[in-house]
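Dropping the structures in below, format is structure tokens.
Below, subunit A partners subunit B and then partners subunit C, in two separate complexes.
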Partner chain A sequence: MAKEIERFGIPVAVLTAIPMIPLSVGASRVVRGIRVEHVCGDPRLSHELDRAVTRNIVATALRAVQTEVDSPTLFEPANAPASSESAHAS
Partner chain B sequence: MSSPLRVVHYLNQFFAGLGGEDQANAPAQVKEGPVGPGRVLDSALGKGSVLATVVCGDNYVVEEKDHAVEAMRRALDRYAPDVLIAGPAFDAGRYGLGCAYMCMAAQERGIPAVSAMHPENTGVLTFRRNLLVLPTGTAVSEMPSAMSRLAAFARKLSSGDKLGSAMEEGYLPRGFREPVMHSRTGAERAFDMMMARVLDREFISEVQIPQYDMVPPAPPIRDSGRTKFALVTTGGLVPRGNPDRQVGGRATSFFKYSIGGLTELTTDDWESVHAGFSTAHLNSKDPSYVLPLPVIREFEDRGLIGVVHPHFYSTTGNGTPVTVAKRMAKEIAGELREAEVGAALLVAT
Partner chain C sequence: MRLELGSFPVTDVVFGSSTGWDAGVLRIARQEIEGLVLTDRNISRLDIQIVHPGDSARIINMRDRIEPRVKVKGPGVTYPGVFGRPVTRVGTGVTHRLGGMNIVQCADPSQLSSEEERTWPPLRPVRSFTDMSGPGAITPSSTVVNLCLTMETRRGLPGEDWHAALSSATLRVADRLAETVRHLTPPETEVFESDPAPGLPRVVSIFNLASDEWFCGARSVLGTSVYGQTRLSAPWLLSATELIDGAVYHSGHSGNTATMTNNPVVLRMARSHGRDCDYAGVLIQRTNWTTQAEKEMAADRLAHLASSLGAQGAVLTTDIRGQRFVETILGVQACERAGIKTVLLTPEEDDENGGAPPLLITASEVVSVVSTGTGGQELSFPAVKVVAGVFDPDPAVFGPQPGIHGQYGQSYFNDIYGVGRQGCVDH
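The block that comes next holds the complex of A and B.
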């Protein structure tokens, strides 16, 4: 999906809980989300922290599409609250 | 070497009968003897048998990989099998990764391992060099034939005989080349191949080039604050009631829905029909976990995003064949270009 859109010259940030999957098939810009059931946030947190997690992820996506890459690249959301680190796929 | 084969088998929660996506977070457990399709494997093994079955939820195995693998190591130590057999995982990506992790854990212990899955499964794409994988299609109805091939392959692995090439033995190529003695020189063989090509006859190249469809990355945008962004999701997000009857898996269509003027997505108005993961959080709490509209609007207000395309694109990314996904993405990309969209955020579930 992302690759075909990038083929049209439009950079795409793929937000996913399992970065290995899009990276393995050659998506250029991949952003690590939280979990499959809640990629862009974390319902286990308070509303405020949950929203902060989402901001981090979306900000990372904006960074991704503004970054030159030459191969599939993983962008890790910076400063994620410690309690959201449960979702590492690697 | 003809003593009965002792096998440990790996299954995900679905094939082990624990449940569907609601059980995808199920932690590792070990069951005595064969479970579910393991019984088919057990009978395909003839005198051999499945001593134990290790089961993990599909989310658990990728999210808690270390714990999952540790459980497998303990089971391997306890049952000391001749071979580990994982799957088949068909085209299920998380399951395929789980099978790959388990096979690698066994191999580290000196125990041969084999899995079976679709050649495009992430497990193969990611770890092909480390794995012996028999190819399958996508249909679970292939289970009996896959199991008998796995059983035969496992016997071969445990026999200690040298494993032949991928082509001879029927596993997916790992990407290694091995020097062999050939009775005919390279020039002679190349000449034969050239003749076959010219005469339109079949031939098998000695240099197999992997058919990765690599797309050069699009150039970055300069300034997100001056860019029109589009939102795309494969999370099966649709207006509540699913007016277009989007499906929960193997989708062949995408739909676009207006978000003009919307600042958030409520469970009253939106739902996910995705059948490949548990949608409880999306459908009872907040659909924006697959389309982070509130934060997008906030960033738009703060000038971090220029403007948001007034429609978002939605499909269900669950068992969609690559060719279908490509076709949909091409159509979406065409529309985005027409709308002068500069960048896209794609939430993939």
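The block that comes next holds the complex of A and C.
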């Protein structure tokens, strides 16, 4: 779907817990999320930290869509707050 | 380790006044079987049907199929660890089996009161229907006599309890039927030895088997288990004879137990042990880890274990579909990088007439692949006279069914282990 949307000139960032899949099918911008069950957040964190995790991932996705790429590229959410999950996924 | 497997061929199953096996005919006393099933008061209704290969019959709501087996000598019980059965390690001594028949556990998931649970993969049937004749007779079920136990439970049972009640009842019947041949001399005996065979190529088989822990929880009884454990874990090492004794219990959408006790990969490799190869055993890789890092860790542990066993070659199977296929490919990659020549045995995705890749993902290390087809059966399925697995069948279920195009989330027979009957039809 990402590739089809991009064919119309709209850049797309794919948020996923398993970057290998979109990268292997040629999605141009892939953002690593937390886990299959909760890609953009972490229910084990406090509300505040969970929100920070989410913001961080969304910010990374926004950065990704503004970045020119010429091949499938993985964007890692940077400066993740203290979360065992995000530490794990990095 | 040494296991003697005594086989008692079953060419027919008939109702009779007592239960027993004689010269290939398994006689069952209907009342006795009813008593064994209905002793659990959670089960409110039972129907018993016998369908044979070649019958104009269709089985629906199949949740599992299992072969009656009993330990005659040696530690443990068959199908260890599930539903309160002892966890003692199996795989040695003498086991007797009733060959050529399956007990088929059938129940309609619409009995579940939770709407959410009705859609849970491990509570769904193995496939929508199985035909015993015609173009649908390409599954292992169509080669054996099937004793179908159609069951209904009392309303309001949670999914976990529903599954436990149905499976325990099926096992009670399996135990009773296997008991009929405990003290008889088997017409056929096969011996499986697993002492190392130095000088021959050292090989392992690797089975990727999904765990449903990620949405059922670690202590769930749902889905595939090894000695009763359904949870995600580091890879297991089992001897072939442990699988023959039922150490892998494989029910629900992901497959069935008879496929694991009669596994074509295990049997072929175990029979070649000491002759063509030195078969070090079966590595069970539990899949459905839910981050890529976890999947990479699991693949690394798998390759490390295979290397530690001295494996030079591996046959690796998948449970295909979705994110689980990532683990399959990472497993091949890790083994190849560890110097283990690895063959991937897998069904294919629909290639959409060349417009899509036959595998969800791949890697440069995946160099040797054997395909078992897409799981489809394009020919239409003719009407049948008998429908088993349901109490009041909708007349439409008897009617002809359209062919099934094998594609993501849709198959007639997902041939994970290369049973191969489909190959004759498709290719």
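Quick note on the criterion: the second predicted complex is superposed on the first by the 82 of 90 C-alpha atoms of A that agree within 3 Å, B and C clash if a C-alpha of one lies under 4 Å from a C-alpha of the other, contacts with A are read in each partner's own complex, and residues count from 1 in each chain.
Everything that follows uses one rule, which is that a contact is a pair of C-beta atoms (placed from the backbone, for glycine too) under 8 Å apart; a residue touches a chain by one contact, two chains touch by 3 or more.
Given the structure is predicted, the values throughout are model-derived calculations rather than measurements.
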Greater subunit A contact set [subunit C / subunit B]: B
Contacts of A:37 with subunit B and subunit C, given as first, second, both or neither: both
Partner chain in contact with A:29 - subunit B first, subunit C second, else both or neither: first
First, second, both or neither for A:77, with subunit B first and subunit C second: neither
Partner chain in contact with A:18 - subunit B first, subunit C second, else both or neither: both
Residues of subunit A contacting subunit B in one complex and subunit C in the other: 17-18, 20-21, 24-25, 35-37, 88-89
Sites on subunit B touched by subunit A in the complex: 24, 59, 62-63, 65, 93-94, 97, 122, 125-126, 212-224, 227, 232, 234-235, 277-282, 285-286, 288-292, 294-296, 298-299, 304-305, 317, 325-326, 328-330, 332-334, 336-337, 341-349
List of subunit A residues in touch with subunit B within their complex: 1-18, 20-22, 24-26, 28-29, 33, 35-41, 43, 51, 54-55, 57-59, 61-62, 65-71, 86-90
Sites on subunit C touched by subunit A in the complex: 214-215, 290-295, 323, 326, 330, 357, 360-362
Residue ranges of subunit A in contact with subunit C within the complex: 17-21, 24-25, 32, 34-37, 85, 88-89
